[in-house]
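What follows is a set of structures for review.
Heads up, the next two complexes both have chain A, just with different partners, chain B and then chain C.
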Partner chain A sequence: MALQTKVTRRSGPRLFFQTVIGRAYPRIIGTQRDLAWLFFDIFLPFLSMVAYVYIYRALKAPEEYIGFVVLGSAMTAYWLNILWAMSSQLYWEKETGNLALYIISPTSMMAILFGMASGGLFATTVRALVILVIGNWLFHVSYTVVSFWALFLVFVLTMAALYGLGMMLSSLFLLFNREAWHTANLLQAPVMLFSGFYFPVRVFGFWAAAAASIIPLTLGMDAIRQLVFPSGPLLGFLSVKVELIVLSILSVAFLFGAFYTLRLMERLAIRLGRITDRLG
Partner chain B sequence: MFAVETEALGRIYKIKKTRKEPAHTLIALDNVNLKVNQGELFGLLGPNGAGKTTLIKVLTTLLGPSSGTARVNGLDVARQPEEIRRQINMVSGGETSGYGLLTVRENLWMFTQFYGIPSRQANERIMELLKIVGLEDRANTKSSNLSTGLRQKMNIVRGFMTDPTVLFLDEPTLGLDVGAARDVRRFVREWVSEDPRRTLLLTTHYMVEAEEMCDRVAIINQGKILACDTPQRLKESLSSEGVFSIQVSALDQSEFEELKQIPGFRQGTIKQIESGAELELVLADDSVLAGLIGFLAAKGSSIITLHKREATLEDVFISLVGKSMKDVENGAAD
Partner chain C sequence: MTSTELSPDVRAKTSALQTMRTSAWLGWKIESNWTDPLIFAIYSIIRPISTAAILIVMYLVIRGGEFGQPDFVNMYIGNAFFILVGAAIQGVSFGILDDREHYRTLKYIYIAPIRVPVYLVGRSFGSILVAMFSVLITLLFGAFFLKIPIVFSEINWGLFFAAIVLGLLAMISLGIILGSWTLIIKNNAWSLGESLGAGLLIFSGAVFPLNILPAPLQWIGSALPISYWLALIRRALVPEIGRAYPMYTDVSDGRLILILLGFTLAYLVIAALVYKRLDFIARERGNIDMVSNY
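Presenting the complex of A and B:
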């Protein structure tokens, strides 16, 4: 009963690419197979969006603030994806035993992380778009896009920096286990506040806004607001150009950070026996 | 070149302080020296907690050695893990890998992508292997809907997908029913004999598995390799002695301790049953029985059945450790 089928193996960039697709696949297919996200990722954020809109209307805030809320709600999906899924991903992969199988395979862990990130990015974009469409339809938000190119660039850089941060956190949380994750969750509310998901970050003053900019979404959203709302530039924190430069620096820094933390994680985990131990 | 070679390999775990115990270190592998030839089906036999999984983890580059060296196909696990990973695969009994919402086929496909196998080849190989293990009708079942046994078959298929030259199976038949375990054993055996470059190292705590499948077996307990040879020769090492199963009307533990003083007694275990006690004894030769019968008569215990049997690997384990594997496992708790 000799095996009849033959298999060949690729290496290098092909292997890297195949790994990204392979690891992204479960997340992509999950969007279609497991519809629980419609409730948790659409309905719940939708409720908080509605709440903010009514508060702003009650306060007689300028109508553009409604647009900020809709946009912020859509972008919140990415932040939640980083915090709830991306950052604890390696930890869960360890628990299920997948991490060990990733490590013993000839592929690079960086490719696995890119796969997780792109799967998460895809699934979250679907959610963000649904929220955006519903919000626009309910509250009649109008956008005036200054430059599609700049908008696209801001979005790409924001996502690169954000998912780079997520990849980095993923390795850190594996090393420090669950406690770190709990701590990070405690930070969720203040981060949501200071990143200016629902209003211009400038209202906090320069230094608070600058500190909040370590979270890539802060500058990303500030730049997007400037690019799609007529009054955005007036309320902007820095100029879009400066924000683009900072976002580029952040993406490079976080992606390198992810690479080095991953290497450190792998080395330490092998020494300490953390790749397979389920006891925590 | 050996498929697997270890020299004075040691691994310790640092155990953190808990309410019950202070911080301490646990020696999981102790001066392990093993040589597995290419083309061999090699078994590691030992009770739970013996260190089998730890050894597999070291050899699959998941865990660094604390002392000594380990090589796979001549490559050092600490210095050349990447090269080793191109040549191996591993399956563990009861593993829960993959993603529950993916089908069996999709899960297996995903793992082939991490080995750079083109999708078309991967899918053909998947269907072929699923047929061999009798899982082809479940190819499109979500893996979360599989029973433990079927899931383990899927895991085993994963190990063979990538044509490893050294395959590690950690308790591969754990949780499989008798029929499925038999299928898996036969396939594993055939896979190794098909190609002399293939080596398979499996761990088990099932005696029959080691005895029936393996070219050579190493017996491991408390992190130490106690013996390593073909199952036949391991058993022959006991053949000058006699292995007896004896059922007696009554014998308690303290009397059994006395029995151990009979000249010519080698090793033995006792199990209390409803109608008395069951003894498994290794005696120097048949003449020791005379003393044994006298001893039992003096204790007022009579022999219900007595038979001499072929030595098994269980007897080999008992003669090496002084306890059965079960007793070691139960005693390990305290």
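Presenting the complex of A and C:
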């Protein structure tokens, strides 16, 4: 006698959160199963940090700049995650044939994006923390935290805005084919330059720094530097309070932007027939 | 049927040179034809300039805008030519990954009557060509906007071309070693080339002299051909400033060329051995037609 399995159909918020958890799961659990990530995601990016630290050492820079590099390198992990595991993700999903399955499933694409973002944020935070701890230990970086609450708030808002931007970009990347890889590649170095990953962003002057602030990491890192390094406030671009307000606006704007661009691009990509194609 | 079972006539038709030429053409097409030439040119300019600009700004915030200083000139030239290192090293492994994971053609390459290592080396020429263009752009940017004192008539062209040829061979050998490793790994392979490139940046003396590093790390640098290659490039392009760079100051140009030649030959042999071994393991494990979707 065949066993009958009762299938429970989820809908509404429950389905939404179940999708978020389902999509976050492979990023949190799956990637940890292969311990090679310790070498590839921590040791190798760590080498890049060491290179920049020694450039400052060769230039006889003040020790705080070593701290800027360590902090910047930890934050690099987030930017790389946004570029390669958020923005390009729907493109990869299209290439591997999953995207069509996502779209025909009875769940929300926003939930899938939230799942990608939350899973990526968690996994990247683990990597960033390890890089930060080893960097601090190896190069004797010292911090003077002005306010832990302000620091926490800056971090949360920066990540909300950053992953909102990533969700928005992932929709835009749906229209790409081979350009996706090159676009992500192209966005890597210029953003690391103008967001001030290794130096205070105010060196570019007000307008250039203001333009660079569209990338949440610019203001996020500037605020963090002001909150954890004694010379931070002297080298800061705007006051932490103003940066918090701008980051809040960016968070909301990017999340709404992600919602609308996803709807728009999904429609457009379906119309152009680019959801299932693999043009090479 | 493997290439060894083919008649000499067929093998002669697909000579190494022919394979190299065709795969280089393929590599160039893959590198460049994803967009129109104008966007490709802009893309090729923005990337190297941004990377160089990170160093320029780091120098600017610490030392001010004195870009004619020997330490900056040496750092700038080292950084510009290091672009070639990354491209040569990544070229082979990216070729393998692209053909295996993206285009899924690596298995067909393996059963074609060609020598696979020759194909892979040729395949990397596309990225090397783009990198050469990036090096040129970076140098022109430095000469025009930062007044890097590269005087055309003072360049030692003989030394320059000898260093370029030997250096490229050495770097392609490193690329084959990395590419061979790529054959047997499933996850994270995409980031391998770039990450190892960053590692080599530390040990190559490209942007700071090796004597800044702790002694054991300096030894790693001395065992790499890149540090000798970059020293020769500096001496060829800006002879006086290049010789002032605190690396191998007591070694003559001729001796440096010989050292580079020795390392290049050694790395070619190592690359051949590593490829042979890892290629066997990859075939045994069934990695050649693997799609990891990672």
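Worth a mention:
Just so we're on the same page, the second predicted complex is superposed on the first by the 271 of 280 C-alpha atoms of A that agree within 3 Å, B and C clash if a C-alpha of one lies under 4 Å from a C-alpha of the other, contacts with A are read in each partner's own complex, and residues count from 1 in each chain.
The definition used in the following text is that a residue touches a chain if its C-beta (ideal position, glycine included) is under 8 Å from a C-beta of that chain, and two chains touch if they have at least 3 such contacts.
The model shown is predicted, which means the values in this text are computed figures rather than measured ones.
Once chain A of one complex is fitted onto chain A of the other, the partner contacts of A:55 are limited to chain C, with no touch recorded for chain B.
Contacts of A:79 after superposition: neither chain B nor chain C is touched.
When the two structures are aligned on the shared chain, A:103 is found in touch with chain B, with no touch to chain C. Of the two partner chains, chain C is the only one that A:40 touches; chain B does not reach it.
In the superposition on chain A, A:114 contacts neither chain B nor chain C.
In the superposed model, A:163 makes contact with neither chain B nor chain C. Of the two partner chains placed by the overlay, only chain C lies in contact with A:198; chain B stays clear of it. Look at A:259: by the touch rule set out above, it reaches neither chain B nor chain C.
Within the superposed three-chain model, A:21 lies in touch with chain B and out of touch with chain C [touch as defined at top]. Within chain A, the residues touched by chain B in the first complex and by chain C in the second are 34, 96. Residue ranges on chain A touching chain B, taken from their complex, read 1-11, 14-15, 18-19, 21-23, 25-26, 29-30, 33-34, 96-98, 100-107, 112, 270-273, 275-276.
The touching residues of chain C, when paired with chain A in their complex, are 34-35, 43, 46-47, 50-51, 53-55, 57-63, 71, 75, 102-103, 185, 187-188, 191-192, 195-196, 198-199, 201-202, 207-209, 212-213, 293. The residues of chain A lying in touch with chain C in their complex are 34, 36-37, 39-41, 44-45, 47-48, 50-52, 54-61, 65, 95-96, 177-179, 182, 185-186, 189-190, 192-193, 197-200, 203, 280. Listed in rising order, the residues of chain B touching chain A in the complex are 13-14, 57, 60-64, 82, 85-86, 88-90, 92, 95-99, 101-102, 106, 109-118, 121-122, 124-125, 128-129, 132, 160-163, 187, 190-191, 194.
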